[in-house]
Amino acid sequence: MDLSGAFRLKDAATYPTFYGFEHRHPQLLESAVYGLPELFREDIPGAHLIANPGCYPTGAALAICPLLLAGHLDASALIIDAASGTTGAGRRSNEEMSFGEVDEDFRAYKVLRHQHTPEIAQSLSRCASRKVHLTFTAHLLPVKRGILTTAYATLAKGRDPSEVFSALKQFYRAERFVEVFDSPEEVTLKSVVGTNRCAIGMAWDRTGLDPGRLVIVSAIDNLVKGAAGQAVQNLNIAMGWGEGDGLSSLRGFYP
Amino acid sequence: MDLSGAFRLKDAATYPTFYGFEHRHPQLLESAVYGLPELFREDIPGAHLIANPGCYPTGAALAICPLLLAGHLDASALIIDAASGTTGAGRRSNEEMSFGEVDEDFRAYKVLRHQHTPEIAQSLSRCASRKVHLTFTAHLLPVKRGILTTAYATLAKGRDPSEVFSALKQFYRAERFVEVFDSPEEVTLKSVVGTNRCAIGMAWDRTGLDPGRLVIVSAIDNLVKGAAGQAVQNLNIAMGWGEGDGLSSLRGFYP
Amino acid sequence: MDLSGAFRLKDAATYPTFYGFEHRHPQLLESAVYGLPELFREDIPGAHLIANPGCYPTGAALAICPLLLAGHLDASALIIDAASGTTGAGRRSNEEMSFGEVDEDFRAYKVLRHQHTPEIAQSLSRCASRKVHLTFTAHLLPVKRGILTTAYATLAKGRDPSEVFSALKQFYRAERFVEVFDSPEEVTLKSVVGTNRCAIGMAWDRTGLDPGRLVIVSAIDNLVKGAAGQAVQNLNIAMGWGEGDGLSSLRGFYP
Amino acid sequence: MDLSGAFRLKDAATYPTFYGFEHRHPQLLESAVYGLPELFREDIPGAHLIANPGCYPTGAALAICPLLLAGHLDASALIIDAASGTTGAGRRSNEEMSFGEVDEDFRAYKVLRHQHTPEIAQSLSRCASRKVHLTFTAHLLPVKRGILTTAYATLAKGRDPSEVFSALKQFYRAERFVEVFDSPEEVTLKSVVGTNRCAIGMAWDRTGLDPGRLVIVSAIDNLVKGAAGQAVQNLNIAMGWGEGDGLSSLRGFYP
């Protein structure tokens, strides 16, 4: 089980560009399993090396992949706009993350060069069975924990948005850690922080201003479903234990 | 000078859908002038009715319109993803805006039904000289003031992104209230809150993951450039006074 | 079990002054039991009416009362300076508690007229076996949950501060919901929010600038140990159930 | 003009205890002038070395000293409870001041060993014309700027609190940077942040729970009146310039 980004990408050539290093063990990339259970659960049992997904890639893939798997989307222009709390950067002593800098501010960072972009593209392309076109932008929120992802996609020709939404609900129906809400406005950081859950909502254009447009919103706790919680979930699956062991009792609080 | 949304839209038919009322004076909509000086300054002197733009529409139009005016963009798929501090909703006593609800949270609201959408579409379409396709999503930030807008657009065929960026800088070169930064990561709420300024930055895809993609980021103070400050600026122009009178001395503070 | 302030005070004459109403059932005040288990646990079993303590009074009494019970303090000048998150005011739609008002601010409120003052004085006087002189000031913090109490007291003549501190630790030794730390600087909101616990620390003057001075700091979650959690604890005791039932599994999170 | 603490204390023996170093130029301590204009303005013109006061000492002295100068207080038990935003610690890259640590938290620090304690005691003793007994506690607020000071004092025998309050207002009547409010609840960080002003309010016991007790609250911006702004004010006085030059135009904003 690896929690870094070192074994998440299949294509070793991506590492120098996005991570700034030449991969020393490219042969391991092929055998490493990408541990995102709700999408690729069948890969996990028996795996020798599980790469635990990044935080942004988890929120993005859970929002978009079920629709790509079913062929509901035009994969030529997918946009992932996401915002994370400061713990996404780890626990470090840098001025950039000091209270005086972050509080009352909001900004984009690593624009069009974030290292999670190829990881998101890899999951989306796998589910679309083709290379997707993807733009991803990360923002820094003045909160401690949580990632909200707002994904923009276009319906494939002839698809009905309310049927697509029903299919999305159906896809996650049996998942204990994903909940699909009737409105994207119910998807908030507060509804997931402190838990291993992902909340998802979806809306579609009814005004004619952008025909065929879908907006899918997801929320996770970057430290739980986006990191250690998902690692426990992967371990549970790999070891044949109950998938929710040690995770089901996690509770956030409100307010 | 009108600060509400009542005279911003040219098409009276839009009011029932987005504002929930039938417009009583549709004949005034035609003569009302949309007071966004950096884009439509020449309309303002001599105007009888100036509609002061909305906060989100100001941030969005300033980011995108110069590129549309010059024909640099494919106007068929424009996306505006924006986030505002709580004062965007006015000073009201509602539970939704209480500290306990907003703090440590982040969420989208009025998804694909925000009343500023047709106002943004109107400015963008005017500058593109055609009806654009536009998706706009608003989010609520746990900050008091400021709007950050992240706009996604695609280059028109054959355009070079660095030349487009030079043209953007050139467009605002003489504007006292707009500053174009070399990186979108310098565009922060802190750099504009308390002032009438708009900060703008732009990046373009260099990785091949989404060829032709542009990301343009802008920041304004929703209460100043997005409301009262812009009204003063419009008044100054309408009256033939100095455009910066009463505004140039506004200063934010850091941190 | 009553969670309001209506049955907390023994002296009916206090209600008009601090709560603004004449008490209608003064005879019930005598039989009502004040449910602060760590100090008055023996009153609870068999009680017909349990008044659940206020949030500030819980934090203040747990900090000071053990020292008063043992006669360690000069009770003629006790000062309780406390600060609470916004949920202390309940979930209401008032402008005063809106994000725009509370964020980045800090202020005292109801100075020298807060309705919790006589409740604190009652607990302290009971433990001191005499009427104490007490000043209490409440402040509003830009956080959601938690009360930090900084109490100022003077040692009774001839007492040794390190022995007093040992006695304080000894007093709470067997309590599952109170932890005494070696330094008051370890007592933070984060260490208790989300739990039914109270953290306590103490320091004493070693510089000679104020001989005999003690500073005792406590922290609780105003919604748990300061409200519903303590009610459950009282109920558990009253019913003869395990005192920690339903409470021991409550966990905060960090950060 | 010195902005460090190195020349603020008259007694060189205090440095090893509170600042951790032996003072190398004790002879300069005598000639250095303590630059707190509203209290000691007459010392400043012609001074060769002006020690600019600390942030907490400014807020505390402005709240208490006028009452000590007039002999209104029993100086044997003064308590200063104060809370500061994070910029009080300077702009540094330490984990303790990171957003994830500070946000949603509140705690006391350097309890009964803060280096500003002897500086406060020195000003108070000078104004009382005797050695005062002083306890000072500092707290860390999850805000960027501002110090709120809550001071506890006892009226000297025979003094009438409403006359004392009138005298306080009278004392600051002609000061451009100090405003005395009718209620301590009007004294907020927001009312001073971004400016060189100090807001002060006062309340006294009317309930008999602590006869003779006064609570005086003050607020300053630690970076302006508590640091650079006061330095400019001192420089203006020392040079014979207008005392408000460069300061009067500073404005905060609301919200």
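Labels A, B, C and D are assigned to the chains in the order they are written; within every chain, residues are numbered from 1.
Quick note on the criterion: contacts are C-beta pairs under 8 Å (C-beta built on N, C-alpha and C of every residue); 3 or more make two chains touch, one makes a residue touch a chain.
Worth saying up front: this structure is predicted, and the values here are computed from it rather than measured.
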| item | value |
| --- | --- |
| If a chain touches chain A and chain D alike, it appears here | B, C |
| Chain separated most widely from chain D, comparing mean CA positions | A |
| Centroid spacing, where centroids are CA-atom means, of chain C and chain D in whole angstrom | 29 |
| Mean-CA-position distance for chain D and chain B (Å) | 43 |
| Where chain C touches two or more other chains, by residue | 87, 91, 100-101, 103-104, 142-145, 255 |
| Contact set on chain C toward chain A in their complex | 87, 91, 103-104, 144-145, 194, 249, 251, 253, 255 |
| Residues of chain B defined as touching chain A within the complex | 17-18, 77, 79, 81, 83, 100-101, 103-113, 117-118, 121, 133-135, 137, 139, 141-146, 148, 150, 152, 154, 183-185, 187-190, 193, 203-207, 209-211, 213, 215, 217, 219, 255 |
| Chain D residues within the chain A interface of the complex | 85-87, 91-95, 97-104, 142-144 |
